[in-house]
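Letters A, B, C, D, E and F mark the chains in the order given here, with residues in each chain numbered from 1 onward.
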Amino acid sequence: MDKSMLGDLGTLPPEDQARMSTMIDQLQIRDSLRMYNTLVERCFTDCVDTFRRKTLDKQEETCVKRCAEKFLKHSMRVGMRFAELNQGAATQDE
Amino acid sequence: MDKSMLGDLGTLPPEDQARMSTMIDQLQIRDSLRMYNTLVERCFTDCVDTFRRKTLDKQEETCVKRCAEKFLKHSMRVGMRFAELNQGAATQDE
Amino acid sequence: MDKSMLGDLGTLPPEDQARMSTMIDQLQIRDSLRMYNTLVERCFTDCVDTFRRKTLDKQEETCVKRCAEKFLKHSMRVGMRFAELNQGAATQDE
Amino acid sequence: MAANNNTPNALEKEQIFGMAEKEMEYRVELFNKLTHTCFAKCVEKRYKESELNMGENSCIDRCVSKYWQVTNLVGQLLGSGRPPM
Amino acid sequence: MAANNNTPNALEKEQIFGMAEKEMEYRVELFNKLTHTCFAKCVEKRYKESELNMGENSCIDRCVSKYWQVTNLVGQLLGSGRPPM
Amino acid sequence: MAANNNTPNALEKEQIFGMAEKEMEYRVELFNKLTHTCFAKCVEKRYKESELNMGENSCIDRCVSKYWQVTNLVGQLLGSGRPPM
């Protein structure tokens, strides 16, 4: 989540800006914790399928690492494209 | 979400009724925004499968429109049936 | 969700402990209501596939009951293993 | 909030409102899960038209009815004593 | 909070902040659903390498663009008058 | 709330409680995702009986253990420095 996504805070009185800013921070924390959970679930589901041992084998570990890295790169790319589209939509509004 | 689903507010003191009513409104707003997100995700997933161009073709657009309309009609029908069952359950309670 | 999962409350001042405890209770209520919803959805999805009648037949009913019981036993087992791993992680921290 | 003295205190009130909120969230979630599950079970994914046909409509009605029964059945198993709705 | 008198009262303020919060939650959820849907549609599940290849990258760009269009299209159908973003 | 003066102010307190709440929500969500993922991976969907059999039980134990490791592994990659639990 990009803070710029969330609109202009400059028009609010200072005490409300502070509160709004806290709210945004909290949403960002929640969002990144959720992202972490979702990433773990997805990479586990895609990479781990046998349960004959209780530790990850080398292959599963490599798969999880690549999956997580790919997901993060993907997520960053989506964020950039999304920001561009938001920008475009905001410009049209004015 | 139907407001009647959420029980009788008449027994609360006025200030708490106001607060409860605000809470219900907020849940309804959240609910309709979530519904919107879910509808978009579902119709996108069902209708868009090729990524050779960056704009929707005519066929995809038609599919998305029908999907969204069907989902809304479905959702209204489920709402009616759900309300009847709730009604029945409430009547049994008395 | 196990209350012990949520860390040590003893270091907080009493009024904040009360508030924290309320918050934990609320999260537990939300969590068990969600678990209930998820259990219903999963067992319905796995067990009910024909819609020629509007009541469950004997076979579907048996399937739902077994599914729910299995899920609850599963969930308890996962909770125990999870608590052990948490315990281990907490011990390493010290 | 600070005016009346013989009403529940602030923390108790939080608990009451918190409970009501959780209860409503539960009902909304139940409705949403039911809606999505029955859409997946009953509605033709090719979207050849924007109307629900007769078969889909009767499937939806039965699906809601059966989902409701499953909700009650699981509620009894959980032995909570509270009605699932 | 109790100091200024010509500002909105506490309940009104709750409503304003509540609305803003719901709006932000909506945007975050839109972003998350888009991210997960396009990952599922575009990224090779065998994870042979940790880089996105050219095909995946262009698929992602187009997927985001099309998802955006679907969001707008559905927004028009819902006739809400409000922009979906 | 208004009584003590040398404690953190209202907004700071909100932040502290907000953080604690997010942290708990995270743990609950982790537990729920783990539970549902391991149920899907380990438990026979035909539900011929209401007991978990030996194979299912050992699969569950290993699944929890591996899920935990994946959580740690991803936590290291994210380089947050904070333990995933």
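Operating definition for what follows: a contact is a pair of C-beta atoms (placed from the backbone, for glycine too) under 8 Å apart; a residue touches a chain by one contact, two chains touch by 3 or more.
Please read these numbers as outputs of a predicted model, since none were measured by experiment.
Trainee: Treat touching chains as neighbours: how many steps, at the fewest, connect subunit B to subunit F?
Mentor: 3
Trainee: Looking at the contacts, which chains touch subunit B and subunit E alike?
Mentor: none
Trainee: Would you kindly say which chain has the C-alpha centre located farthest from the C-alpha centre of subunit D?
Mentor: Chain A.
Trainee: Which chain is most remote from subunit B in terms of Cα centres?
Mentor: Looking at centroid distances, F is the chain farthest away.
Trainee: Using Cα averages as centroids, what's the distance between subunit A and subunit E in whole Å?
Mentor: Result: the chain centres lie 11 Å from each other.
Trainee: If you average the CA atoms of subunit D and of subunit E, how far apart do the two points sit, in angstrom?
Mentor: From the centre of subunit D to the centre of subunit E is 25 Å.
Trainee: Roughly how far is subunit C from subunit D, centre to centre by C-alpha average, rounded to an integer in Å?
Mentor: Taking the mean C-alpha position of each chain, the two centres sit 18 Å apart.
Trainee: Quick one: which residues in subunit A touch 2 or more of the other chains?
Mentor: Counting only residues that touch two or more other chains, subunit A contributes 19, 34, 38, 47, 65, 69.
Trainee: Please output the residue numbers of subunit D that touch at least 2 other chains, ranges allowed.
Mentor: 25, 42, 61, 65
Trainee: Let me make sure I follow the ring: beginning at subunit A and going to subunit E first, which chains come in turn?
Mentor: Order round the ring from subunit A, first step to subunit E: A, E, B, D, C, F.
Trainee: In their shared complex, at which residues does subunit F touch subunit C?
Mentor: 7, 13, 17, 20-21, 24-25, 27-28, 31-32, 34-36, 38-39, 42-43, 45, 47-52, 56-57, 60-61, 64-65, 68, 83, 85
Trainee: In their shared complex, at which residues does subunit F touch subunit A?
Mentor: 11, 14-15, 18-19, 22-23, 25-26, 29-30, 33, 37, 41-42, 58-59, 61-63, 65-67, 69-71, 73-75, 77-78, 84
Trainee: Which residues of subunit B touch subunit D once you look at their complex with the stated criterion?
Mentor: 1, 5-6, 13, 16, 19-20, 23-24, 27, 31, 34-35, 38, 42, 46-47, 63, 65-67, 69-71, 73-75, 77-79, 81-82, 85-86, 89, 93
Trainee: Under the touch definition given earlier, write down the residues of subunit B that touch subunit E in their complex.
Mentor: That would be residues 18-19, 22, 25-26, 29-30, 33-34, 36-41, 43-45, 47-49, 51-56, 60-61, 64-65, 68-69, 72 of subunit B.
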